[in-house]
Amino acid sequence: MITVKFFSLVREALGVQQLDLQLTHEGMTVMAVKEYLVSMHGEHWREVLFQPNVVHALNHRVVDVTTSVEEGAELAFFPPMTGG
Amino acid sequence: MITVKFFSLVREALGVQQLDLQLTHEGMTVMAVKEYLVSMHGEHWREVLFQPNVVHALNHRVVDVTTSVEEGAELAFFPPMTGG
Amino acid sequence: MQRVLVQSKTFDVETEYRRLVGEFPGAAVVTFAGYVRDHCDNGNVMALELEHYPGMTESVLEVLGQQAEARFGLHAWRIVHRFGTLSRSDPIVWVGVVAEHRTEAFQGCQFIMDTLKTDAPFWKREHLDDGSACWVASQCQDEQRRAQWYQPQEEK
Amino acid sequence: MQRVLVQSKTFDVETEYRRLVGEFPGAAVVTFAGYVRDHCDNGNVMALELEHYPGMTESVLEVLGQQAEARFGLHAWRIVHRFGTLSRSDPIVWVGVVAEHRTEAFQGCQFIMDTLKTDAPFWKREHLDDGSACWVASQCQDEQRRAQWYQPQEEK
């Protein structure tokens, strides 16, 4: 089981803030998780999660889509940050 | 008549803080004033006033030695500044 | 003392300054404070909403402060950032650094601000006086400023 | 309000900050504060003596502030500099600027500090714990930092 979080425009576009997800196999990459989420929730999710500027954070660190997601991880999707 | 001021190491080396000086002719340059001061006070003044890093300020602005000194001006000599 | 504060309540720039420098300040102190603007490209701003990612925010800011400390030899540093709904003229962010010389202090503070803009998970939404609200878009120039700090040839 | 203060009595960084930003701060505020060091290359510093050229000092600082205002579009700026005998950890100089964006604020503040170092008629003398005192020599790198601001190709 992993926790998936969504922020800002991504959160609004999906209408979801957070969900739990059972990984389907060991060594699933961030990309595989995205495909899995699309397969569960429909094509609208593809439009949002596959936007080129979406940022992926795994356990509070920005990662690219080839990173493996371990059991118990926290994975987050959000648009470019605008702090400061 | 002009006012001549000395600061920091220049003041200490000459033992003078300020003096009044009667210009000898119109259009005297800073260089001419320096030579005139040396002629009045002796060669020790040459060593101090002609050190290459001495800064010349005329009426509160840094100038070079070719600048003309007008009647009533305030002329100052000092080492490089070390503020801040 | 905690060097990173992420909080919804407002903060006092003068108090933060005292916490940074303590009783015996170092030689050079540079601070940056960012406040809510009263206007933007789309109109007059009534309020600024700041969404953040709790946990990741604190950890990113701590890492950025530590990087600045190591890279510029900072004696001390402090980062305060708000989230939630802010009013016009409210302070949003405050960064203060202490160093031995002024150049390191300026660089350390600017490094933290330039990297914080693009790396700390905050998202701004501006509420305008016509009732509309829109997310602030990330700016290309912010990415460029961040990138400058990571170019090996850069000697700023 | 007067934007340049040259005084022998100490000053309070927090009060100067309030005077700079007022009730409605601009978007970006950068400040620099320099304090008396407790050590130098020659030993432990007990006191710092600052000689200055009354009249010229104020006029140079006013010009530098105005140059920074014009060049970086500052909304406000303020320079405070002490002269006379200062103790360890006393504030020597404080520069604060307000701008629309952070980069201009950082540049404006750093421009004032870099030019003030070489252009404002102050001379420092350090009094050490062994009873000796010596004038602080001007540094070549200070001249270089100043020169960077006047290179036409420079886009800092």
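Labels A, B, C and D are assigned to the chains in the order they are written; within every chain, residues are numbered from 1.
We adopt the following convention: contacts are C-beta pairs under 8 Å (C-beta built on N, C-alpha and C of every residue); 3 or more make two chains touch, one makes a residue touch a chain.
This is a predicted model, so every value here is computed, not measured.
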Least step count from subunit A to subunit D, where 1 means the two chains touch: 2
Between subunit B and subunit D, centroid-to-centroid distance (C-alpha), Å: 26
Centre distance in Å when subunit A and subunit B are each reduced to the mean of their C-alpha atoms: 73
Rounded Å distance between subunit B and subunit C, as computed from the means of their C-alpha atoms: 49
For subunit B, residues that touch 2 or more chains besides their own: 84
Junction residues of subunit D, two or more chains touched: 34, 102, 113
Contacting chain pairs - touch in the sense defined above: A-C, B-D, C-D
Complex contact set, residues of subunit D against subunit C: 13-14, 17-18, 21, 23-35, 37-38, 89, 91, 102-103, 105-106, 109-110, 113, 145, 156
Contact footprint of subunit C on subunit A as seen in their complex: 5, 7-9, 53, 57, 60, 62, 76, 78-84
Subunit D - residues contacting subunit B, complex: 34, 50-53, 55-56, 59-60, 81, 92-93, 113, 116-124, 135-138
